[in-house]
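Here it is, the structure, as structure tokens.
By letter and in written order, the chains are A, B, C and D; residue numbering begins at 1 in each of them.
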Amino acid sequence: MYIAFWFISIITVIGALLAVVLRNVVHCVLSLILFFLGIAAHYFLLRADFIGAVQILIYVGAVAVLILFAIMLTRNVTGGEGPREILGGTWWTGTITAALIAAILCWAVSVDRVAGVAPAGAQAKSSVLLIGRILIADWVVPFEAMAVLLTAALIGAVVIALEEVMRRR
Amino acid sequence: MDELVRQQWLIPFFPLVAAAIQSLLKRSQRKLSASLTIGAMSLSCIVALRSFFGTLGGEHHWPFFRNFTWFQFGTTHTQLQLGFILDPLTAAMAAMVTFVGLMIFINATGYMAEDENFTRFFCFMSLFAAAMLGLVVANNLLFFFICWELVGLCSYLLIGFWYFKPSAAAAMKKAFITTRIGDIGFFLGILMLYWQTGTLNLYDHGHGALEQANRLGALTGWWGLSMAGTIAFLLFVGAMGKSAQFPLHVWLPDAMEGPTPVSALIHAATMVAAGVFMVGRMFPLFVACEHDWVMDFVMWIGCFTALFAATIAVAQWDIKRVLAYSTCSQLGFMMMALGAGGLAPGQFHLLTHAFFKALLFLGSGCVIIGTHHEQDMRKMGGLRKYMPITFACYLAGTLALAGVPPFAGFFSKDAVLLATYHRCRLAWGMATFAAFLTAFYMTRQIALVFFGKWRGGEASQRHGQEHHGHGQHGGEPHEVPWNMWLPIAVLSVFALALGWWEHGHHHYLTPDDEMHEEGKVLVMGLSIAVGALGILLGWLIYGRKTMEHADSADPLQATANWLFTPLNRKWYIDEIYEATIIRLTMWLGTAFRFIDKAVVDGILHGVVWLARAISQFFRWVGDELIINGGFDTACESVRESGGLMSKLQSGRVQNYFRVLGLGAAILLVIYFLRLGR
Amino acid sequence: MTIPLGHYLMLSGLLFAIGLGGALTRKNAIIVLIGIEIMFNAGILNLIAFWHYNHFAVLTAQMFAIFAISIAAAESAIGLALVIAVYRYYKSVDVDEMKSLKG
Amino acid sequence: METIYQLLRSAFAKASDAVLLAVAIAVPILFIVAVYPLIFAYTTLVERKALGRVQNRYGPNRVGRWGILQPIADGLKLVIKEDIVPRSADKFVHFLAPVIAVIPSLLLFAVVPIAPGLVPVNLNIGILFAFAVSTASVLALFMGGWASRNKFSLLGAMRAVAQVVSYEVPMVLAAVAVVMAAGSLSTLGIIKAQSHGFANIGGWFVWRPWGFVGFVLFTIGAMAESARTPFDIPEAESEIIAGYHTEYSGFKFALFQLGEYLAAIAMAGITVTMFLGGYLGPGSGPGFLGGLISAFWFFTKLAAMILLNIWIRGTWPRVRVDQLMGFAWKILLPMSIINIVAVGIWYYVHSRPLAWTISTLLLVLAVAVLSKLNASGTIEKRTYRYAG
């Protein structure tokens, strides 16, 4: 377990780091996919299989592809970012802020001594079945709201991105 | 009764659904839109009337209410409840709003018949009615506040309905911002009430906010008031904004830029009534702090507004503007009654006033349509012959407003004056004078508009054909179609008859309140006398010898220009605001810019200078070559940071994001430090 | 031989900071969005970790995770659509250049 | 995996747990890595032969009898060919793409059961896992196309991504219908839900109206997802040379082919599992003999599905890009949603004849309406402006 945890964690962190520091945007997205997969692996490790699969399906299958499409639509398709500076003018303040947040969070975790007990009881036989049940029973209103939200987001995204075409007509 | 409470939610529900459906309609679906609005309002009206008649008979222990949980959050199950209430106040108010609203909607189908944004108009109107009705039936301050703000929003949208007119655009902003100033007070009051009582429900079986009013009255609050007094004061600030009390009255006359049915809806049934209604609704709080100055404050503000607005109304040219200031003045009467401790007179005046002021506004709308969008009274005159039905109805409204005995206004105004008489003689005297002015300016209006000879023709000849006559009609005034005069005819019946109803139901609004009977004869007599005097004087000045031409001087102006001009300019209130508050704001802006330049930049430059100095120092001390470069860069970055600070508001999203992150970091540190303790 | 909860929390804190750093420093709007996605994921990881250690019997945390993932998907779709729209106007995805309020 | 472990346990009672576990894990992996690529190899042969017959020629018949050694020869040829990497290519990604192309395809087989209890990994989210993994294959295509620094490659990659993402949606929705019917995401559970009925055949979902529609939808989706003709827009030679693998040669090219065919085979396997009863057939069941018969039925159905693929490839023209997207979004997607409704009705209505009538009517109506709505209108008589 330890080995798996450390291995996956290192991959995840490397993926995340590369995703924000690499120069080429496409490389960033590829590292982001590595990060997503690492997170999914963590979910499997934490025995949240369903969430893990959903993570891959949505993030790798949809979000990453979406980002790739956005990249293809917003820059000259073959070139890298070119000689231009990739970091904003005052990047160091951002770095300091991020480092500060990291320090605080780690410090909080160590100070707080968050106690977690390893799962005692076995999980329900099929957690997927249970998830389906409560999603339709207890959580049906948020579920429907989410459906509406996703539809609205879909339409909104299409409208925003198609603005040009609409205007041309 | 329980069943009636359970159906209270239907009252705002119908117009809300109508508004929702209409928001999806196409522009061309005018008939559907109008019938939706009117149909929904009729349904609401039926429900409201049912609960109204349900509350009439028998002795009940008011109020009846029904609370339900909206949602809960947190582990301690902090619940947010909403609720509906049914008591005489709500029932009467709901019946009035739905009925008057219905009349206004019917009239609006005629008034707006030629507007191309017909559906948008009715959508907003429905939403407006829904918000107002929601406010009326709310048993919860949160719900109340939501509806309150919705009313504000709708009034903003409707006043600026013709947003392409710059004056309308300005007026909508003015209305919105002015009422918003009051709303800050209201919101603070709500927060304080929640802080003190832990609930936003008004009534909740002894746990509601209003049921704890006496406890709050015993606590010490701020500004030398009891806690109840403090809250009541803050709430009253909100009411001042909404009900256009001095000094927040400035938006109301400008609100005339909207279509006339909107004016009727705002000034009669809904928006301005909301403030008075709120004070009435929260009246237990006001009663609980009777010994503080809050009640007197309410009374004096009301009294002053009543007199002040009445004086301005005397010298206005615009037919709607006169009515607007009249509304202002009448609202002052209501507030004054409430401040004098008379809940029943205040609310009763609110009800009767709603009917006859809606009548007057719709009547003025008819006049405006009949004279082809003319609003200047100087260019009217003699309409009695052209528009007999409108004239008859308008006359009924005028007599009601002037307080002539058999009409509704007489009874309610009399009750208001009587309540004030028992509280404070000076206020009573001022109010009586305001009543005299009311009679005077209404007579002036009638005389200018309906008597004499038609002066519109010459004006339009002189100005060419700039007033687009609608359709095939020429310059002659004409009677309005049935869907416009029918509502005002119905309303005039109420303006005539509503006063009598009060006799039978003396204790309807406040069952346990004893009316003081002493002094009634004096008050009533004087009130009739000043009313008669006002009408007489008005007739003498304006009616006997009417204006000949549209641009000839006002008779009052001719005799007493020193009085007329300040009145016509509304006591220069707008100019005073311009000179004081707006100037102050601009001055503050300048000052802050100076501070920004001098102080902030100064500090930053100081830091840079300090860093430079240190680097100089180290240059003497240490290795020049190595340290030198390092400190130069340090200086550069410090200088850069100075530049960054002065460019704080750069529009760069990442900068904002950074500040957000830093703020989050600081909050986290504080949180964990506290947690550690 | 179990991993302490603190490890997961620290990991997610670290990932969050990395995402934040990316979102704060990079000029490319798409990478800013990527940073935001990383922060989202770090948060959800936190959620699942707490679920695994403290509330294993109930699935509320998984529900939250599902909804959070859905919202993140919607958010990224809208965000990217905005980036494309902005790109059409500015011919650039540099967040430093998107600073005027008027279009 | 569990089944193998149990078998080993009973055979070698004294062996240590860890070793048995390791063997139990290794056996399915070896099976996947050995058997399916073999199937792939001979699929190419069969495909070439079958296409040859369709096009009235022989197909490969020189290397070994009936060309039986042709795949091996092809493989050898590809291995010894020069590996060319374009100079301006993104070397690392260019190298990574074919590798990644194979991985999801192999992972897909992890949830395909071949006999009762004989599934490499019995995940309780089996189908979800399959879809999650299959979406990852699109990344390989994109990486390959993008890293090549070639316009045609990139165009092919973009086409591939758009196509796969679009067809994913109706495919998943078609699978949702099955999942609703079976009440399980596990592949074994889905097969179990089809196990009743006459001779283990009557229970197959494909015999239900919604199952048949779902089968058709899923097959089309699977074909598009693995970019097979008539949906091979991403590598349409007449338009963009060879699409995303234009710049690949040698073994990398072979890996792309491997990934593509393995994905097609795995999708066929999942289709079989979901609609055709998986390993179910007359005589299938637990036990050694039953297991053998089950495996026989599974591979027979798999072969049938592959042949169906080849048959379609040989006889259908390639669709145009706009038709492709329109087909996914305007026909397949509404159809799959209506299919879900049909399943709901099927289980809501208790009377079987009534359920049959209603769902059949609904689906037929949907097909009629959708084809009416999407009819492209009459083709006008062609007029010649310049000639004649």
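Note that in this section contacts are C-beta pairs under 8 Å (C-beta built on N, C-alpha and C of every residue); 3 or more make two chains touch, one makes a residue touch a chain.
Computed from a predicted model, the values in this text were never measured in an experiment.
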{"item": "Pair with more cross-chain C-beta pairs in contact, given A-C and A-B", "value": "A-C"}
{"item": "Chain at maximum distance from chain B, centres defined as averaged CA atoms", "value": "D"}
{"item": "Separation of chain A from chain C, taking each centre as the mean of its C-alpha atoms, in whole Å", "value": "6"}
{"item": "Cα-centroid distance, chain A relative to chain B, in whole angstrom", "value": "49"}
{"item": "Chain B-chain C separation of Cα centroids, rounded to whole Å", "value": "45"}
{"item": "Inter-centroid spacing, chain D versus chain C (mean Cα positions, whole Å)", "value": "33"}
{"item": "Of all residues in chain B, the ones touching two or more other chains", "value": "652, 654, 658, 661"}
{"item": "Overlap residues in chain A, where contacts from two or more other chains coincide", "value": "50, 54, 62, 69, 88, 93-94, 97-98, 101, 105, 108, 127"}
{"item": "For chain D, residues that touch 2 or more chains besides their own", "value": "none"}
{"item": "Inter-chain touch pairs (all)", "value": "A-B, A-C, A-D, B-C"}
{"item": "Touching residues (chain side chain B, partner chain C) in the complex", "value": "650-654, 657-658, 661"}
{"item": "Contact set on chain C toward chain B in their complex", "value": "20, 23-25, 32, 95-96, 98-101"}
{"item": "Contacting residues of chain D [partner chain A, same complex]", "value": "90, 93, 123-125, 128-129, 131-133, 135-136, 138-139, 142-143, 146, 149, 151, 154, 158, 161-162, 165, 168, 183-186"}
{"item": "Residue numbers on chain A that touch chain D, as the complex places them", "value": "24, 26-27, 30, 33, 49-50, 53-54, 56-57, 60-62, 64-65, 68-69, 72, 77-78, 126-129"}
{"item": "In the complex, chain A residues that touch chain C", "value": "1-2, 5, 9, 12-13, 16-17, 19-21, 25, 28-29, 32, 35-36, 39, 42-43, 46-48, 50-51, 54-55, 58-59, 62-63, 66-67, 69-71, 73-75, 81, 85-89, 91, 93-95, 97-99, 101-102, 105-106, 108-110, 113-121, 123, 127, 130-131, 134-135, 139, 142, 146, 149-150, 152-154, 156-158, 160-161, 163-164"}
